[in-house]
């Protein structure tokens, strides 16, 4: 089975989480007019190794225990913080994603970053530990969200009693209607979201439905029909058209092959990746075509990801043997 | 630097050590020295007849010394071997010495005394 | 005592991480291959001589704010270790010589241990 | 009745500073299920504060959790200590905590989290756990045995924190119950390098610090998931046995 392109949960979170979700908000700060001696007390009492320097609300510098030690050595302990602070500050924006902070940590090799808003006002402070802690909290929240939505989806199907419940959505797709291209699949996507499917599964359904829909628009002379049948565990998408049909099935399935005319390609469609993308996203795909009659494609995606991922586990290859080889 | 042969008596003096094992052969000549806490390393690189400086107090240090034909062992500061280790030293005839200095200091002192490294 | 830069040159050590930070003072030396011993024995601005080259060496050096770590017997830290050392500003130095020889040379240069 | 237990007895949680944040009870259990495991050992560095949460998370899943820890001995050797009950493990924890140097973590070795069965944060452990305890190798084996547990020296083929690297060889006097090797260990090469290993039953665990690293290479045939039964399997007695899926060279 083709490998599904997939981010790990952590990578996804690093890109998704804004810095303000993980930063420390109550920041201890110092005025530039405070003396180094006063700074020493602030650091000692709060057991911290550095603080930002704020004049009124404005961020003017940062001062650390190293600066304090230098002042001590030089006997300059009565000097104002303003004189000994560092004005080169490494900042990140509060609404940037955590990945930006990770990059800056790597680039500047600093222990903490100052978090500011668009106006340059200090909003918080961020350490590597804050990121780890934030990710941990987010990952468990995400896990909960996932559990709750699964419960919700199940619940809907349980309320409606039948031997086999399924929800069927039908869409008519017009040939060459590029303006409305993708509207059927976006409706399928929204429905799945309502039913509480897992985001990763929704993405895969959306990609394959979109490609199937575009195939109808590009190739089916008289348009076609897109049918999404949802059951508690599985979604089945069927795309049916009435011609012309696919002349060479193997060729159609190979990546990059396209029969789309040039004017369609110029619109950015028909790059020959449609069927390949569907194959990548779906758990199974069946394509039947008879020249002059039409084409029917059936895509199956399981709504519980573990059903699929089991076959992707790549462990335990080797030879079975004794523990005393 | 001139390479010197140092005997066990002199070594004990240099590291201000005390013998843990009985009846040491004081004029035993030591031609080289190595310092390591990982016995896999001792087994793979140390020359026969050399002195081992280590912080690993375990009967395995003595066993390794036997395997690698190590002449004697100096245990560094704070690493006092138990009776089992000392018993094994006596049994295998490998002199064991305890020094009040850390590994760094002992290396420095013996190196200054002209003992060459024990790399194979 | 000589600076880390001087030591690096005189002992012909290969700098594998944080090369820009070698201009720092060294106040003493410590030798052990056991990380837990180094945690107890090595101090800020000390130079640590060891055969170990794995990731936790960087954690110890960073925690204690050591001047640097000399990895002996040609043992090479892996990419992950070097990346982490760069990030934490830890100077890793590599030499084919044994711990015994390196400490001997450091002693002759005037880098003292705790006695 | 004897039945097979696919196992990984060396899994870290977020209590280990070096573990990824994904190592929380529900995700570990989910991954173990996917791999077909029915027996897992939870072994954080010198501590078992997340074991109870793991046991609770495993309830009703058909996965049995062995309480334990990865102890670091005075010789800086890692040893898996595994028990039948959480109570035994806690008793051992008391002994270990007394012998752990009182250093604070300051997150240089990574943050250490105590979590609940859902993986939610309860507290951050401030004491540095991944350090040598003041306990000798043999002492650990003796004490754990006397408390009804078992001891398996971890990743003996690794170049650091291992029996073969720190002690050069397996001491004759060592009364460990089996040895653990890494998933990279290839018998034909390893046995040549350390011929002594032929006297030992060896198992493969993942030493997993992330979900992807959990292994399903070791299978026990046991009447029940108990220390006593596992020990019989190590010896190959009474029909109990261990089979390992070894990697092939190349």
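Which chain is which? They are A, B, C and D, in the order written, and residues in each are numbered from 1.
The rule is short, and it goes like this: a contact is a pair of C-beta atoms (placed from the backbone, for glycine too) under 8 Å apart; a residue touches a chain by one contact, two chains touch by 3 or more.
Computed from a prediction, not measured in an experiment: that's the story for all the values here.
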Exercise. So which chain ends up in the middle if you average the CA atoms?
Worked result: D
For this session: Please work out which of A-C and C-D is bridged by more C-beta pairs in contact, and write that pair.
Result: C-D
Exercise. Subunit A to subunit C: how many Å between their CA centres?
Worked result: 41
Problem set entry | CA centroid of subunit A to CA centroid of subunit D, Å | 34
Problem set entry | Between subunit D and subunit B, distance of the C-alpha-averaged centres to the nearest whole Å | 35
Seminar exercise, completed: Listed in rising order, subunit C residues that touch 2 or more other chains are 34, 52
Problem set entry | Touching two or more other chains - residues of subunit B | 37-38, 56
Problem set entry | Residues of subunit D engaged with two or more neighbouring chains | 76, 159
For this session: Determine which chains touch and list them pairwise.
Result: A-C, A-D, B-C, B-D, C-D
Exercise. For the complex, which residues does subunit A have touching subunit D?
Worked result: 8-10, 127-129, 132-133, 135-137, 139-140, 143-144, 306, 309-310, 313, 315-325
Exercise. If you look only at subunit B, which of its residues touch subunit D in the complex?
Worked result: 37-40, 42-43, 56-60, 63-64, 67, 82
Seminar exercise, completed: Counting only contacts in the complex, subunit B reaches subunit C at residues 33-38, 41, 45, 53, 55-56, 101-105, 107-112, 117-119
Problem set entry | Sites on subunit D touched by subunit C in the complex | 18, 72, 76, 101, 103, 106, 108-109, 130-132, 159-160
For this session: Report the residues of subunit C in contact with subunit A in the complex, numbered from low to high.
Result: 86-89
